[in-house]
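What follows is one structure encoded as structure tokens, with my remarks underneath.
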Amino acid sequence: MSSAFQFYVTTLLIYAGVDILAAWGLNLQFGTAGLLSFAFIVFQAAGAYTAGVLALGPQTDNGGYQHYIGGYALPFPIPILAAMAVGAVIAVPIGLIALRRLRSDYQAVALLVVSIIASSIATNETELFNGAAGISLVPHPLADQFGGDLLTYQWFYVGFTAAVCLVAYLIVHRVTHSPLGRAFRAMRDNEQAASALAKDITGLRLLAFAIGGALGALSGAILVLFIGTWAPSAWLYPETFVLLAAIIVGGTNNSLGTVVGVLLVPIGFAEGSRFLPEIGHPGLIDAGQWIAIGLMLLIFLWFRPQGILPERKHRYANDGRLVTVLDELAGWLRRSLALIQRSSR
Amino acid sequence: MAASLVGSNPKILSLNSVASATGLRTATVLQAQDIWRDFGGVIAVAGATINVPRGRITGLIGPNGAGKSTLVNIISGAIKPRSGVITFEGVDITAEAAHRIAHRGLVRTFQLSSEFGRLTVLENLLVAAPHQVGESLIGAVLGKRYWQNQEAALVHQARELLIRFGMSAKEEEYAENLSGGQRRLVEIMRALMAKPKLLLLDEPLAGVNPSLGQEILGYLEALRDDGLTMLMIEHDLAAVERVCNPVIVMAQGKVLAQGTLNDLRNQQEVLDAYFIG
Amino acid sequence: MPTSSVESTQRPAAHLEVRDFTAGYGRIPIVSSINLDVGEGEVVAIVGPNGAGKSTLLKAIVGVIPSLGGSIRLRGDIVTNLSTDDLVRRGIGYVPQSHDVFDTLTVEENMRIGGYLLAKPEAEARMARILDTFPTLRPLIRRIAHKLSGGERKLVAIARVMMLQPSLYVLDEPTSNLSVELAHKLLTDYVRRIASTGAAVLLVEQKAKAALEVSNWAYLMVAGAISMSSPAAMLLADESIAHRFLGKVTAGSSSAPPGGTGPDSTLPEAPAV
Amino acid sequence: MPYLLGPSIGFGLVTASILALAAVGFTMQFGVTNILNLAYGEVMATSGFVALIVNRAGLSIWFGMAAAAVFGAALSYLLNRVIFIPFARRGTKLFGMVIVTIAVGLILENSILAITGPNFFSYIVPQESTYSVGFLILTTSQIVLMGLATLAMIAVHSLLRLTRLGMAMRATASDASLARGCGIRTERIVDAGWLISGAMCGIAGVALFINTTSFTSATANSFLVVIVAAAILGGVGQPYGAMLGALVIGLTSEIAAAFLNPAYKNVVAFVILVVVLLLRPQGILAQIAVQREIAR
């Protein structure tokens, strides 16, 4: 593999990891808990910014050309953990707006407005966020361990992202396959009935926002520490639609479906188009991608609203344990073996 | 409990403290006193007072628009009264949120089926169980090892209920795919999983075929014999006659009379409420 | 048997004919094999206990929910499964049990919408006439309907339907939110007055006595089927009927028409079940 | 002080005029059809580009505006018939519908982008003169826009209050089933609702583009949130509320731009909106039925 190609592949893998983390966070809010979280980009952007400014040195570094909060040059992995904490904490104000018992489409619009306010503030508060320019020269975590070997570092970062995804998957899986996940789904299906069964809807909603928000912030942190820059214009609300499209295509409330959706929609689209010849005016391919995303949403909502991998049915074995994918595979194997034995006899 | 009674009628205070101190339970589980509620210009409940005695199925009947469902919605905390006091097991719950009231063991079913459609029948039951350790974030993240024992016990309980209600075959069915009558059963089983001290049933036989209706009544009688207190709105008076005692008649947002259905039948004002309006 | 029963059993020509009619929500029938007639200028009451399917029957007749079988004729024309707005254009005026007025609009606007199909001068004239008939409405004319009391609401709902001068009024439990006095007034005063203009009235009532007092003919509905069809006065005179509403069926009257009356008291098309 | 306040009130009134055109159309759409159509901004943009074609062909922009009105009406009607109604019949729920309208919006906006490229465009507007009215200083087109909006508001008012169609629209918005019980063919009324609100949407698109002098395929979309804010502020489904909301948001945003920070033009409006959502989610003028619908 040429090193240029390796750079390309590693970057793609890292982007995929980032999108998968974010989509899991959004899926927890939207697919599992039924919250149409159009302000999701705010969690990601806040996490990214937090990680960036905590990893950066004081403002006086680099000639003091940029303004930001923080600047503590904190060692890895503190900026990432802090980003997740911030993501969870801003779930409270965002959740407060969503907590009003509004009609769901109305609530979605309210959250959309929140995300636009947030990005206007970030763009305009030069003192706090350095305005539209954003921040740059964010140091790469542990980069000094690799000397100047950028390619090895790329591969290291792929491994790191993969490890984070693995841990995140375990947590997401534990949440969605626990009694807590069941309570989220009950709230999604019928809020009034859940509340009549002693489920604290306010608490559950805030919790879903917080867990999803922490994941979104984590995705933002990993991205910003990799690319080294953060600008408000890169974190606009349409990005949330891309994630939403990935979830709907892949399968709502199915973590593996979400992965499939991410690989197809943002990654497949962005990278598929890379190999298209440059035709027409600049922006044509970009526009085509968005049109395709819109069409894909309509097509899936019409023909297969449950997505490629639908939500899995939770079955319980005789001993009261949840039947896992592995159990089902084993059962299928056993049945087919028995069938083979019988037919060979 | 004593603290929340400060300021209320001293007589009631002493009675309740004696009862709680000696472990005795008062005969009345729930008291709703002088409840008022209007919607726009229409008064739905106009000073209704009811007492629900322990260990019985109390029937709540009355013509359409009498305010029965509104009263049940007020008792369960789904809507708030304009005035009036609701006491459950001696505690004032008038201002409490619906989920807090449910937490105290006052559990309701709904007139329109309100199953969790994309949960299986078994899951509908499991989700209702109170005090699940796996329902907190920490519990969930700690994983199966932390909550599996409780879960297995709940699955066992839920399956026993399914057997008792003849619904075992539907364990893995999504609730949204059930028939109307089966949804009713799921709702009642689900409420039972919540370990209610008082079960509010809002027209449990609505949309259920007669033979299943008889079956449901049988289940309710068995539950009563096990000591469960119930308050039931029902239109089918044959059903009320079979299982309810006492029966409360509401009309025009007020309580007209209380007694056995047979007594009530011979009271002119009850006849009038139904017959004349 | 009072001699008047002979007169009352001779029914006028049918305005509305419902034959072997089945309806319900989704594919599940709530009411089945219904046969009923409303004659020209008649007040016909469908009475019966809660949950008998009376409202469902009315909704299916006026096209709010689709029918599952059978036929409906209005003045001889087949109107089965026509939409509500078509039926209104053919002379049916329907007052639902709840959601019976436009909550966000004033009383006057409610009435104007009631006269939507009319030319403006005609609508104005009718409104003036209705306000003369129901003078209690006059001071309320600018009030938003949401602020009305239960009795006022129902009056507005009826007044709105009167704007088109329908030939058949279909009233679904008009007294359900009213006090005893108001209910009585509404039925004896207003419904009777509508009938006196020559229109037919089909009335569903759970509280039957007052309804029967103003009706010419009555159907008793139990568990989704018509179980009795007779002159209203005869049903009213039957002691066992009141008790039927509280679920107690007096022996002997459950399957036979009240008072052991002859075949006159039931319609041939609608035999007692 | 007045030297800042005067112009900002002037700008505010112009913004409010455009906003009123757009927000009244948006809110009517919601009121009569019960769909929160987030593709509304893109219908505005598409109509605005239709006007551009007419304008480039040598006709006055006011002809272009008329063409945009027709196009906006036709496009809105078709979107409803071809996409929204079938999805609704298939059982797509409220938030599913939001995603459907967003997808439609994405397709429309990017179709324009694919055709026009990421370029800036402007209409050919006749020579502008400036007039001072009291302490306000306004250009010709600004005055025309304000006049147009005023006319449109009077027209909407007359439509709703004085005509049979308006009465039927209000009845359908209030209770469609009951409206059918008055002999109203509600499906046709809903069609009329899409046509009229679509025409307003088209006019608003051109008005917006005239006022912003140079525009791209994305200009209208960024304006949508302000429109939604004005509509929600007044109470969704309430045309008079939308007018009031437009006035409040138009004025506060321009005054805030003058006195605080130009970049905060919209933020102030949105903050007002969020506060309204928290305190009175049904909006300022919403009546009881809408309240029931929106804030359950």
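Letters A, B, C and D name the chains as they come in the text, with residue numbers starting at 1 for each one.
Keep in mind that, in the parts below, a residue touches a chain if its C-beta (ideal position, glycine included) is under 8 Å from a C-beta of that chain, and two chains touch if they have at least 3 such contacts.
Source: prediction; values computed, not measured.
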Is the C-beta contact count larger for B-C or for A-D? A-D
With chain centres taken as the means of their Cα atoms, state the distance from chain A to chain C in Å. 59
What is the distance, in whole Å, between the centres of chain B and chain C, each centre taken as the mean of its C-alpha atoms? 35
Per the C-alpha centroid definition, the whole-Å distance linking chain A and chain D comes out as 33
Using CA atom averages as chain centres, what separation in Å is found between chain A and chain B? 42
Per-residue multi-chain contacts in chain C, two or more chains: 103, 146
Chain B: positions in contact with at least two other chains: 40
Contacting chain pairs - touch in the sense defined above: A-B, A-D, B-C, C-D
Going by the contact rule at the top, pick out the chain A residues touching chain B in the complex. 171, 174-175, 178-183, 185-186, 188-190, 192-201, 207, 211, 311, 313-316, 319-322
For chain B, which residues are in contact with chain A within the complex? 76, 78, 97-100, 102-103, 107-108, 110, 114-120, 122-124, 126-128, 130, 132-137, 139-141, 143-144, 147-148, 151-156, 171-172, 174, 190-191, 194
Which residues of chain D touch chain C once you look at their complex with the stated criterion? 164, 167-168, 170-171, 173-175, 177-186, 287-290
Give the list of chain D residues in touch with chain A in this complex. 36, 38, 83, 87, 90, 92-100, 102-107, 109-111, 113-114, 117-118, 225, 228-229, 232, 236, 261, 263-264, 266-267, 270-271, 273-274, 277-278, 281, 293-296
Help me check something: in the complex, which residues belonging to chain C touch chain D? 62, 64, 83-85, 88-89, 94, 96, 99-105, 109, 112-114, 116-117, 144, 146, 160-161, 164
